[in-house]
Amino acid sequence: MSVSSSESSAPASPLTHFDAQGQAHMVDVSAKPATHRSATAEGWIRMLPATLALIAGGQAKKGDVLGIARIAAIQGAKRTAELIPLCHPLPLTRVAAQFELDSAGSRVRCEVTAETVGPTGVEMEALTAVQVALLTIYDMCKAADRGMVIEQVRLLEKLGGKSGHYRAD
Amino acid sequence: MSVSSSESSAPASPLTHFDAQGQAHMVDVSAKPATHRSATAEGWIRMLPATLALIAGGQAKKGDVLGIARIAAIQGAKRTAELIPLCHPLPLTRVAAQFELDSAGSRVRCEVTAETVGPTGVEMEALTAVQVALLTIYDMCKAADRGMVIEQVRLLEKLGGKSGHYRAD
Amino acid sequence: MSVSSSESSAPASPLTHFDAQGQAHMVDVSAKPATHRSATAEGWIRMLPATLALIAGGQAKKGDVLGIARIAAIQGAKRTAELIPLCHPLPLTRVAAQFELDSAGSRVRCEVTAETVGPTGVEMEALTAVQVALLTIYDMCKAADRGMVIEQVRLLEKLGGKSGHYRAD
Amino acid sequence: MSVSSSESSAPASPLTHFDAQGQAHMVDVSAKPATHRSATAEGWIRMLPATLALIAGGQAKKGDVLGIARIAAIQGAKRTAELIPLCHPLPLTRVAAQFELDSAGSRVRCEVTAETVGPTGVEMEALTAVQVALLTIYDMCKAADRGMVIEQVRLLEKLGGKSGHYRAD
Amino acid sequence: MSVSSSESSAPASPLTHFDAQGQAHMVDVSAKPATHRSATAEGWIRMLPATLALIAGGQAKKGDVLGIARIAAIQGAKRTAELIPLCHPLPLTRVAAQFELDSAGSRVRCEVTAETVGPTGVEMEALTAVQVALLTIYDMCKAADRGMVIEQVRLLEKLGGKSGHYRAD
Amino acid sequence: MSVSSSESSAPASPLTHFDAQGQAHMVDVSAKPATHRSATAEGWIRMLPATLALIAGGQAKKGDVLGIARIAAIQGAKRTAELIPLCHPLPLTRVAAQFELDSAGSRVRCEVTAETVGPTGVEMEALTAVQVALLTIYDMCKAADRGMVIEQVRLLEKLGGKSGHYRAD
């Protein structure tokens, strides 16, 4: 959509979470059909090379940081509507999280796909899951490396619903 | 701390969330005294200039995106131990969130300080609050701008506890 | 409905949350169709005129008590099934909260409408949201006025479902 | 405290949940000592005489509405900090709920006392517990009586802390 | 199903909660139709005869241990997806819990039936409710009897869904 | 303690969760000092030998059932006071879960130790964590084996507090 044109030609705010008086509400989706929706988000946590080595070591044997972050991501996705004030509660039908170690960049990438059959999209669930996964990695490695940075968290793709297919550049 | 030296001279992993067998546990803090602790974290969400203008407009009159994100941050801080698997539950004694609009960078900055009187630090609470605030901004503006990116989320400062004062560069 | 007639002509209690042995259960709604349902509830909090003036001041500039109570109402509506033991969990499709300042009565009125597409009504969600909003106002103003009273909390209207349209006198 | 004098003579708002810029925060209680605190709140739910008779019947034999409301009150008290945005989480050390049937007024009275050893008061916990109890009674009786009204919910007494002893008139 | 044959003839693990790489995920049920599903579970808590007598006494007059355990079971069923990491959130349409006192065995039996209309089964909800009920009995009687043992918790019956009717021997 | 003697010589019920009128309450622990407390609980889940083999395989390579159950146990311990109605909320200072495969008995043993510094014991936290761990194993293996049975869940040891050291036979 074109933000500038909607601003000039229409009185309605593009911020749909506010009503005509500018007050927040949980948007009415009662009349929207329950359809299949999917969203994929990604994010990174950058760290010292030695910290990345600790995580890499845990994959093969003990100290499975990424296995725990994966569970935290899935559990976090289910709590999205409790955390984000105007989010609709949604019955998630799938959540999957993947991690990649980027040695060159000394960082870990997390990608989460969430799905539902419902009247609204699941991008907040996918994004929340990514954030909880990255925070969990921070928590588990912070004794070794307090300077880790979470970065480039964004929506990659969104399928289903009236707004159609979105794909990040 | 120096990760490499601790690796070479000691068999214990610097990943304290794992025991000697490499299995996750909630670390024993029973013997640590309850002392005053504080942590400050920051993060950014980058967006289209038109989206930033919508947020700026809401501050003065209606559509108060940042006011809602502030409440979400405070509420999110209280849920940290539910989201991060190995986090200790903590009685927070203060949470404060601030936002700044960076027109040049077309982004919003969020800074959260969390405090407790307890046996462990509150950096996860501060970081979680920042993430929930930024996710809330994403949620409220996503109808206008799906390409927003959350970036540079990190711990700024940490006070109290055995590990002493930490301050990011 | 007529409570006395149902008591005389039928052995079943009008308290449907109990089975024939008088034991609580979450009532079976498996066979009820998912239809659009709406409920509106209201309530008041009475306070000192000076406290009402503080709230009124916050609307225009800073200290937005009602904006925070609105968010608490929406968040509270989503937690209804956790708070009320025999309530069915429901996917809310809309929650909206409004406030009015009644200078003559020195009180604030809160009205919440909740909607769902489901097999049971949403009156508990609307009522819970009103209560959480009024409690939040109490919390934010209690340093100035401990004697505030919450009053006249009731269901105003209910639409959808087998029991049809209910409207308070 | 005198609201009017603090307004005229001091720039600080009596609404302590807002900082000098009018932004909400969870107030700093880090420096306050953990002391014993107690709060008692009360409230009523008014109903048809036939509904009150159903509740009275449940006490003696089956359909124990008040027993369930009591459990809901205790459970609700523990969730206060999740529901009320700026409330501090508190380790409750006691919660007790009592009910009285007022046949003359055709209503049920609920009184809850909450206690803690901590740096802040527990009046919100007592009030929240009363509200959840009354909402639970509404839920369990609503099939028989949709017109029930929750009324006169207020703080009765507060002990401990810097502000001293408060007792409603 | 035959576990051994699927192991020898197919690379897919019978543990459907893991993907082909052995990583946990919340299984995709997006394409499964929402159908009526029911599950019944049971379990026991064994105790001293004197403890059983205390519980039996509470049924008739005061100290209603089983009434409270029943509410805990229903409330616990609603929290299943928060407790069990890979469980799908489900809108429960019925939960009912029953208790029997077994004087000969000096134990209490709990049986819970849960139902939903959804794409996945409700056996975890029924089992979780049984466990929470038995834990609640333990909690309420532990001052008198610390040696109580929870035993024989299992799925009794499961109806609906592609896997058909399951009934324990 | 001797239940029968306390019954004959004293009017007070040994069920301390009820007051003199037989009504449930959260027991007053305001005057009890915060001391170090520890509790250890255990439990088993019995299954087909082929199911046990699947779990054993996951430890070495992929499909880490026990790693996920361990995280669920720790997360579940933190939710104890939400699940068990009359439990006091407690700041856990340690949670550790261990699993053993018993090939002879074709079952998995789970042992959890929980600790706190507080006014009440942590046996419910340890028992709840065991139950959530065993339920998680059930959930992850149920596609292969619906007949698994959870058994012999009990308190093994309890340290600290007025009641002293308890150790199961």
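Some points to look at:
Every chain is named by a letter (A, B, C, D, E and F) in the order it is written, and numbering of its residues begins at 1.
One rule holds for everything that comes next: a residue touches a chain if its C-beta (ideal position, glycine included) is under 8 Å from a C-beta of that chain, and two chains touch if they have at least 3 such contacts.
Since this is a predicted model, take the numbers as computed values, not measurements.
Of all chains, D has its CA centroid at the greatest distance from the CA centroid of chain A.
Counting C-beta pairs in contact across E-F and across B-C shows that the higher total falls to E-F.
Both copies, chain A and chain F, contribute mostly matching positions to the interface they share, with over half of the numbers common to the two.
The mean-CA centres of chain D and chain E are about 33 angstrom from one another, to the nearest whole unit. Put simply, the C-alpha centre of chain C and that of chain D have 16 angstrom between them. Residue positions of chain D touching 2 or more other chains: 23-24, 64, 67-68, 71-72, 75, 79, 82, 85-86, 91. Taken together, the touching pairs give a contact graph of some other shape, not a line, ring, star or complete one.
The full set of touching chain pairs reads A-B, A-C, A-E, A-F, B-C, B-D, B-F, C-D, C-E, D-E, D-F, E-F. Against chain D, the residues of chain B that register as touching in their complex are 36, 67, 70-71, 74-75, 77-79, 91-98, 115-117. Interface residues of chain D facing chain C in the complex, by the touch rule stated above, are 1, 3-4, 7, 13-18, 21-24, 43, 48, 50-51, 54, 58, 61-65, 68, 71-72, 75-76, 79, 82-87, 123-124, 127-128, 131-132, 135-136, 138-155, 158, 166, 168-169.
Residues 64, 67-68, 71-72, 75 of chain E are the ones touching chain D in the complex.
Note for the complex: chain E touches chain A at residues 19, 23-31, 81-82, 85-86, 88-91, 118-119.
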